[in-house]
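Two complexes are shown next, each including subunit A; its partner changes from subunit B in the first to subunit C in the second.
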Partner chain A sequence: MGLALAFYWVPDAPLEGFRQRIFYIHVPVALTAYACFGWAAWKALRLLWVRNDRYDLESYTAVHMGVIFGILTLVTGSIWARTSWGVWWSWGERQLVLFLVLFLFYSAYFMLRYSVEPGPRRARMSAVYALFGVVLIPVSFLAIRLAEGLIHPVVFDRDVGSNLAGSQLLTFVICFAGTLALAASLYVNELTGKRVDERLRELREALS
Partner chain B sequence: MSSAEKYVTAAYLVVLGVLLVYLVIYAFKLSRLEREVGELAELARRQRDAEPTPEPDREEVAP
Partner chain C sequence: MNYLADVGALARKDLRLELRSRDTFLSMVLFVVATLVVFSFSLPAGTEEEAAYGLLWVALLFTAILGLTRAFAAEREQRVLDGLILAPCDRSAIWLGKAIAVVAFLALAEVVALPAFALFFEPLTWELVAAVVLADLGLAAVGTLLAAMAAASRARELLLPLLLLPLAIPIVVGGVGASISDDPGRFLGFLALYDVIFAILSWASFEYVVTE
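The block that comes next holds the complex of A and B.
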């Protein structure tokens, strides 16, 4: 539905024209990546707080989802940059670089996780790492507003509010809700798969 | 198709493509899990068959 609205209902933006339609996929995907990393940090905090191992798998799955949506953010953002600014990437843009740092930080999570033997120690180390990464989320999100002289557009401003027209805002909200729902269903599927995998391993050990 | 239209379409297709790849990987994972469940069920069946069957209780007959 969001796709149909973005292509057929929303009018062309005054400055960006047709290419502004990438906004309806790029921004929801980026916000969903932040949400996944935030969820991973929350589950990591729960693990450290209540010492329940089930949160380890939940945190790991959320990081997994976050990295997938992070890749999509970088690719769609790069395509938008190419069509709007004429370049695939700009190292001068703090927003882009900070998102890349956040993405690489959480990509390194897997290297840390698989370099330690499974068990409570690995769970605690992974949880602490996931918690550290969450600090980068507000920095990455606010970088665009704190820095000056950027070419990356600001759509939601604290002083003005939303710079979108009514139809654009509605389309954005629908696309964002759809992307969040997609991420949630992928998360539940992935988590169920990982839990079944774990139970099967236990069953195999018990039977052999 | 203009240049902007091509880029916008490419951005949406990338997202759909990545989702499709993810679904294919997940389908392979599900089929692996199904195969493993089958193997474990077979292993459990063999272990059950290998165990000696307990003798049935004999009814005491009154003299």
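The block that comes next holds the complex of A and C.
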């Protein structure tokens, strides 16, 4: 984890332009959140397919990570919006609006998990919901694109990713890899913790 | 054929129950009309007509949620769902039958709501009606599945709006777009796409949600 952080912070320094720097945090974090949600949906699909309860915890942990990175995306995106346009929130920023929708959606995932009795049925319900989430991502993206023309006729064309120079691209890739590694290590960490928790509970029940 | 007969029987069961008690349908109609009246007071005088369309969609969405929270009430209270799962029919037939009943309730409520909207605010257009029909299908498809999930949880009625609202945002976007945009075809197409995607997904996954 420390290694990941080191990789993540060091290449940030030599960049020109203070404002653009957050791009190297914001975009990898956003992509990592997508990766987490995708991973959660993949595990959910495996759960429904193979019916192995092991995948439930994995899917849950992945959603957990995805929400953490999603909140980070909202925060960094908000800071970016403040520095670029002088407002903390802009409904014209597609990615941020999408993340707000996803954040609401996956918060409901936690509500669902906490209010259903643990067991195979809860595992399958969460899995179905996680699958809905990954389908919702492209659908809401399309919806937000459609709505944008409606509410804001002005199109913000700030597609920075398409015209990166070589050194910037390298930094970006390293940042992305670092964030992914950070997410992966957090995921493994959390998963081990949750497994130990569960094992402990089983043992305690067996004892009593 | 057998599958369709199951679906038809299940949908008829819900509609007949509703015809006898009438509580869900009447509360939906009253709710949507009351909401429209509240909205007419909350709109400042002289606001654009577009705001009224937006509010109509909010009213329709909340009415659908109101109806959906009651969708599995009878099943839960009388423990019908256990019996239905044991019945020798495909589980997705339960979903389809229930979704058809929900669409029927929504359509009945809107038969009252849309003329009321035309009376209070703006005249109806065919785009609006088409968008409402497509939105009903999407809401019923997703809502039936989520209502089955919520019925199994402790929070019950509280949980359904939380689960459904983020998923319903694309429907609102499509519906509002189709009502006010100059090019409603794009938005109607989007609504149809949403319906197809989520109907298939809900149809395929319903079995996992209801079985123990």
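By our rule, the second predicted complex is superposed on the first by the 163 of 208 C-alpha atoms of A that agree within 3 Å, B and C clash if a C-alpha of one lies under 4 Å from a C-alpha of the other, contacts with A are read in each partner's own complex, and residues count from 1 in each chain.
We take it that contacts are C-beta pairs under 8 Å (C-beta built on N, C-alpha and C of every residue); 3 or more make two chains touch, one makes a residue touch a chain.
Just so it is clear, the model here is predicted, and its values are computed rather than measured.
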Is A:79 in contact with subunit B, with subunit C, with both, or with neither (first, second, both, neither)?
-> first
Of the two partner chains, subunit B (first) and subunit C (second), which one does A:101 touch, if any: first, second, both, or neither?
-> second
Report for A:111: first if it touches subunit B alone, second if subunit C alone, otherwise both or neither.
-> second
Check whether A:196 is in contact with subunit B, with subunit C, with both or with neither, and answer first, second, both or neither.
-> first
Classify the contacts of A:177 with the two partner chains as first (subunit B alone), second (subunit C alone), both, or neither.
-> neither
Just subunit B (first), just subunit C (second), both, or neither: which does A:68 touch?
-> first
For A:188, is the partner it touches subunit B (first), subunit C (second), both, or none of the two (neither)?
-> neither
Quick one: classify A:48 as touching subunit B (first), subunit C (second), both or neither.
-> second
Using the superposition on chain A described above, determine whether A:136 touches subunit B (first), subunit C (second), both, or neither.
-> second
Could you pull out which subunit A residues touch subunit C in their complex?
-> 48, 101-102, 104-105, 107-108, 111-112, 115-117, 120-121, 124-125, 127-129, 131-132, 135-136, 139-140, 142-144, 146-147, 150
Subunit A touches which residues of subunit C in the complex?
-> 142, 145, 149, 152-155, 159, 162-163, 165-167, 169-170, 173-174, 176-177, 180-181, 186-187, 190, 193-194, 197-198, 201, 205, 208-209, 211-212
Subunit B partner, complex, touching residues on subunit A are 3, 17-19, 21-22, 25-26, 29, 68, 71-72, 75-76, 79-80, 82-83, 182, 186, 189-190, 193, 196-197, 200, 203-204, 207-208
In their shared complex, subunit A is touched by residues of subunit B numbered 2-5, 7-8, 10-12, 14-15, 18-19, 22, 26, 29-30, 33, 36-37, 40, 43-44, 47
